[in-house]
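Next come two complexes, and both contain chain A; in the first it sits with chain B, in the second with chain C.
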Partner chain A sequence: MTLTLTIDGREIHAPAGSSLMQAAQLADVDTPVICYHEATTPNGLCRQCVVEVDGWRVLAPACVTPAAEGMEVHTASERVTRARRTLLEMLNASIDLSQAPEIQQQMDDYQADRERFPGAERRAPAMLDDNPFYVRDYDKCLMCWRCVQACADDLQFTYALSTGGRGYNSHVTTFFDAPMPETTCVFCGNCVAVCPTNALISKTEIYLQQGLDYDSIRREKRNQRRAQDKKGGAQ
Partner chain B sequence: MIQAESIVRSTCPYCGVGCQVNLHIKDEHIYKVDAPFQVAPNYGRLCAKGRFGVDFVHHPGRLTMPLIRKDFGVTPRQPVGLEGFREATWEEALELAARRITEIHQQHGPAAFGTFASAKVTNEDNYVFQKFVRGVLGSNNVDHCARLCHAASVTALTIAIGSSAMSNSIAEMKDLDVFIVTGSNTTETHPVISTFLREAVVNNQAKLIVVDPRQIEMTEFAEVWLRQQPGTDVAIFQAMAQVIVAEELFNQEFIDARTEGFKDYAAAIMDCTPEWAAEISGVPAEDIRTAARLFANARTGAIYWGMGISQSVHGVENALSLANLALLCGHIGKPGTGLNPLRGQNNVQGCSDSGGLPHVFTAYQPVADDAIRAKFEQDWGTTLNPEPGLTVMEMVDAAASKIIRAYLIMGENPLMSEPDLRHSRHVMEQMEFVLVQDIFLNETSEYADILFPATSFAEKGGTFTNTDRRVQLIRPAVPAPGQAREDWAILCDLAKRVEILLGRPASIGFDYAHPSDIWQEMARLTPAFQGIDHARIQREDGVHWPCPTPDHPGSPYLFEDTFPSGRGVFTALDVRPGAELPDPEYPFILSTGRVLYHWHGGTMTRRSKLDDIYPDPTVEVHPLDADALGLADGQWALVRSRRGQIKVKTIVTERSPQGVVFIPFHFAEAAANELTLDARDPKAKIPDYKMCAVALEPV
Partner chain C sequence: MAERATPPASMQDYLAAHAHRGQTMLLPALLEAQKRYNHISKEIAAEIGRALNVPLAEVTGVIEFYSMLHDRPTGETHIRICESPVCNLFGAKTVSKTLCRELDTAICEPTIDSKYYVESVECLGLCERAPVMLVDDRPIGQTTPDVVAELVRRPPDPPSGLIRTGTRLLTARLGKISPTSLPDYEETDGLRGLEAALALSPMEVIEQVKAAGLMGRGGAAFPTGIKWEGAAQAEGQPKYLVCNADESEPGTFKDRTLLEEDPFSILEGMLIAAYAIGATQGFLYVRGEYPRAQGILQRAIEVFRSAGLLGANIRGRGFDFDIELRSGAGAYICGEETALFESIEGKRGYPRIKPPFPTQHGLFGKPTVINNVETFANVPLLFRMGVEEYRKLGSEKSSGPRLFCLSGDTFMPGLFEITTPITLRDLIFKEAGGIRNGRKLGAVLLGGAAGKFVPPDQLDVRLTFEDTRAAGLSLGSGVVMVFDETRDLRQVLLDLGHFFAHESCGKCYPCQLGTQRQLEILERLAHGQLLPGDKERLTDVGWTMTDASLCGLGQTAATAVLSVMEHWPHLFEPGQ
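And then the complex of A and B:
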């Protein structure tokens, strides 16, 4: 069964069950996203994908709003554009988005003022370095939950990550804030793969950013017992 | 932010899942690995090894120059480190190798060669390897580590249905209805497959039956967990079959149309009741009934298994008992069903498919078949040996009795993977000539006379075939270290030199410009591959063989209409004891296997960041046993068997049952195979790595 709706004045026939985001794709309209990822269940958290629907009091998150027969949808109205721009400005005020090129691009596209909220309290927790493979640098975390979802029922079914705290203090963590090696984590890194801001980043990558060369990176945190490998020279 | 200079699509070099990876390259190094979310078989998912463990590629221990042993010609040979070798030019090393091979061939004939193809290198490398061994040396003594892993599964499936690979694909897993996982610690050995199996349970309400002595993670997702005593698998599955027959839960239509021998089989197993099996296995009879009903009443039922089934002195019977269940219920030949041995190595399926076995050419075409042999003889322009060759452990026997005098080994580490290592080392010491090509000096290449430096997966092109028969590409991503060369290129140079020294009038063809040329030749000789070439894989990311024509879509699942052998065959089975049972002197059963963070003999993962998270050899001991032995968690223990002893760190856990200890086999400093027993399944010749008797004490 197909639905007929209008997106930015264009009539679209979308399969029943489509989200507004999928319907917009049929109209060749790209929706900007932050929390949405193709591999995780959409949950409408970030609200960057909002669109305006005629007759609706509030803006609708396109990733989780089902398309309906006869809907009149506007994806680039002044109200939509202002909402998206403001959201970017607020995120940028409290979170380090320096390693989120897609969000940086959106800030350019929406002409966001990167200094609009200079007094905002920045999220600045210490970098968590507790395993050989990746670090958790949560001053870059914008709480999209993709990592939690990837670790749970969307990709890995391992359930090592969860959310903790409330409101502004809500954050991604582990059960009892345990270090990763003490959790059910199997270091698949599927969480790292879906992180949009490099809050989760492989150690190799972060050491390269810090200017270490590959040789030093390889020696970093190597097991002392194996400092000399009899079969291949120094580790 | 770090910007990649290039991103190269490849196939993960670790397990048989065959995950597609993107290698991110900067300054000729792989600094990051991720996976495309739209592409089978892994759809973006990876495990620790694939995502964080390919740093071995850049380890300074990589072999960069051809090496010749300084005491070349001295027997018995001793293992030596790099200091025991001298660097040589390719010209010198190849010429010396060709001369030694020729001398041994002239003195002792083709039977003097034992050769090891490799489940780690490409199909193309393996094809050239067996072409050299069969076509130039005239020997069929070519085998590889598949013999040590799924030989029993292959033998059993050949008996039951005439096939030898996973019948169904990974893509079907998330839509399963009921499935059995047995003898497979899937979360650690096939981590990405385990995510799809868990997805079936968690998101799609599939029912999982786990049959395993160890409390593996998959048990947390199971509807029923049958915790049998090690080595009693046949009793469990035959009792499930008995329930299905007695309660008439079988699929009469399927049995009539597709199988033979049902009546005799049904009569033969009537006394194999769940109570009978409970006595043998320690599993409550009612649990066996529940599992049997669940499986038989399923819309679709699939069976997945690993080494726990095959690595046994009755491995063939274990796997046959699973085939019986699938045939009884008609759970084969449809999506979401099937008999699915999970293959271990990245290209163990492909090495077997490419002719790396003693009795068959490519895609299981028998060397003893005159018409098949004539086809290869005509294409290659030579005469070929009709006698099937020796299997891995038979080659060790033949070497011990001086029939085999030279080993040619490509990318395998038999001195970690064979059982009873002390015996294997002794045999190796006596060899007249040992030629190895590999990427590192390891426990086997320490015995080499000549050691050729080979390229890793990241430095060459070609194809790997994963566990669900999907042929996928690897692509060169970084330059080869030093003078390392592709295995196929080394073999071609060597083969041409041996042909000349042997005075052959014409070469059988070792002039390939690219791995795709090798694939073309292989496909020409192999009906099941004829629809596949590198260009098509490039377009489609991967193709499941059999694929006979370019317009054939490939075969994600098999046996829809018929079995290769015609009708499926039921086999009534006797329950036989293990080869070595515990006694007062050696009171524990030892089972060996793998852990998530390491890979087989450890040649790669012990040279990776992965070693940081799992640095020490371990033994799992039940708390009651640990108390009785005075062993604490984290304490070092000496484990002894009648063959040898090793020192390992104790993990006190209820994961292994009382009376059973588990030791992973990745650690050269405490190789589990010092302890294991060379007792083999009589049909498949696979050694039993899952059951021997040991004693433990604190140190």
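And then the complex of A and C:
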């Protein structure tokens, strides 16, 4: 079965069960996303993909809104553009997006003012370096939940991570902030793979960037592991 | 304080009795641990998580979500001082400062002897007696700085709802009967609604509710009969019935008053609803800040059970239904219906994406009806009176009696039951005696923190669903918060900004980031330090939250701010 709807004035025939994002693709309209990833369940968190649907009181997140027969959708209205631009500006005032090229591109596309919120409190959590495999630099974390979901039912079924806190103080956490080696983490790397901002970054990648070769990296990691085992044994 | 018995070293006794139910018992178990040990240690959290088969990371996630759960030691006596707009009008900040000085401690620091822990909290729902505090389970109103340390040791206030109106239908029993006496209840027309409803078929019950035009009293004004019909017709078993008693909207205390003083009427309303939709299990979710209401409801449920009004084959009609009381743990967002389901399921109280709607996919993924306390209170009344008589109350499109919570600078704060629609002006000046201290009215916040400020020249709107909607307003949960001419609305907006930033769940970005950015600008506004461009920033943040947030919290977190900007634009000019 096919649905007929209008996106930015263009009539689109989309398969039943399509999301508005999928329907927009058929109309060659790209939808900007932040939290969305093919490998994880969409939760409609970032709202960067919002579009305006005629007759709706609020904007619709395209990633989780089912396309429906006869919908009139606007993806570049004033309301949509204001929401997308303001979201980027608020996000940029909260965390370090320097290693998120896709979001940098969106800021250019929407003419976001990178200094829109003077005096804004940044989240600025400390960097966590507690295992030989990856670093958690949560100053770059934008709470897309992908790592939490990859660690749980979407990929790995390991459940080492959870969202913690509330509101602006939301963050990714472990049980009582335990270092990763003390959690159920199996160091599969799926969380690192889905992270959009380098908040999770593999140590190999860091060392490669520093110009080390693979043998030196192996040596460096072995030394770290031994140091940590020793520390663990002493407790 | 009375000496407490030493708590057992582990939660084993509690978990042995409840662990078989799994994750749904997570919040009750954590609340029990908090009560026993004044905090939840890593060892206890691990014990609970393992017994309930909940990943340990998620246990931490849940502890951190709810304000009343602490992973570090608090004190033997936990003092919560309300710092909502109304209590702040009457000096709540001075009260908390004085108390901390006298106890030689700071906010959220246990005293050196671990005896006391003082916390400033959002609205405690005791607004008619502002400023208020909750000392463990004891609500104490009209606190004053000079006697505050003594107040901590004072007995609690008597339960008095301050009912202010002449015609009393929903409030008829309040203060007049012993709340958990079934004979008192039956002598005052109790159970007559249930008898009338049980004489009909479930579909006829739903038709009557639709014909009566009953609309939800929780804030969204959704037609109750249509909701019931949706769940009754939905595929899937079992079906659940939930009473939303997570009343947390600042300035709202109607549900607490009903729960404390007429608990059977809520249970009777739930029974009728359960019969109509075919639910066998009900949950009554009461906010954690209402310990007195919880105690009374627990007793009321037991009385109903002993009388055969809950359990199997109720009144010999072959219909089974029981109600389980659940406590919230300090999270405004759990008043959002799907967040409340998540909370009962033992998770962080994140609102879900809708659709699917609760009538199809609600609690535990099953068809569910969730209604507000006042909505359930209307149900037995409606069946006792009959549709025709009931429809004579209220207005054409907004039938039945309605409760309003007046607080702030009104001469008579308290609960008002309105059966014939009147204007906002008449409610304040005729019913509630006008403004205190001979002052003039400055502004009214209608509908709660999520509502709008109304200027003094726009009070002639009738307090019905249709009239307020036409005026671009909302009745919300019936809050009428009154501010006299001397009050600085910028200070009130700062309190509201703080409230939303504290209560945002953090799930969607517009609200998670927007409530913080809004608060930062409102701080500058209140302190006379507005920067050039702040008005535009506030507007963009406000509309982004309104337009793009996932749930009603974010969608209304800027409503009050934007309404002040509309009616008092000069307050937002730099240098004011």
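Convention: the second predicted complex is superposed on the first by the 208 of 235 C-alpha atoms of A that agree within 3 Å, B and C clash if a C-alpha of one lies under 4 Å from a C-alpha of the other, contacts with A are read in each partner's own complex, and residues count from 1 in each chain.
By definition in this document, a residue touches a chain if its C-beta (ideal position, glycine included) is under 8 Å from a C-beta of that chain, and two chains touch if they have at least 3 such contacts.
Given the structure is predicted, the values throughout are model-derived calculations rather than measurements.
J.: Considering only the touch criterion stated at the top, classify A:Ala193 as touching first (chain B), second (chain C), both, or neither.
T.: After superposing on A, A:Ala193 lies in contact with chain B but is clear of chain C.
J.: Touching A:Val51, do we find chain B (first), chain C (second), both, or neither?
T.: Neither chain B nor chain C is touched by A:Val51.
J.: Give the list of chain B residues in touch with chain A in this complex.
T.: By the definition above, chain B touches chain A via 1-2, 26-27, 29, 31-32, 34-35, 37-38, 43-48, 51-52, 55, 58-62, 81-82, 187, 191, 195, 198-199, 202-203, 221, 440-442, 446, 596-597, 606-607, 609-613, 615.
J.: Residue numbers of chain C touching chain A in their complex, please.
T.: 42, 45-46, 49, 55-61, 64-65, 71, 331, 348, 353, 501-517, 520, 524, 531, 537, 540-541, 543-544, 546-550, 555
J.: Considering the complex alone, what residue numbers of chain A touch chain B?
T.: Touching chain B from chain A are residues 38-39, 98-99, 101, 131-134, 153, 155-157, 181, 186-190, 192-193, 198, 202-205, 208-209, 214, 218, 221-223, 225-226, 229-235.
J.: Could you please specify the touching residues of chain A with respect to chain C in the complex?
T.: 34, 43-48, 50, 58-59, 61, 64, 79, 82-83, 85-87, 90-91, 93-94, 116-121, 142-143, 152, 159-170, 173-177, 183-184
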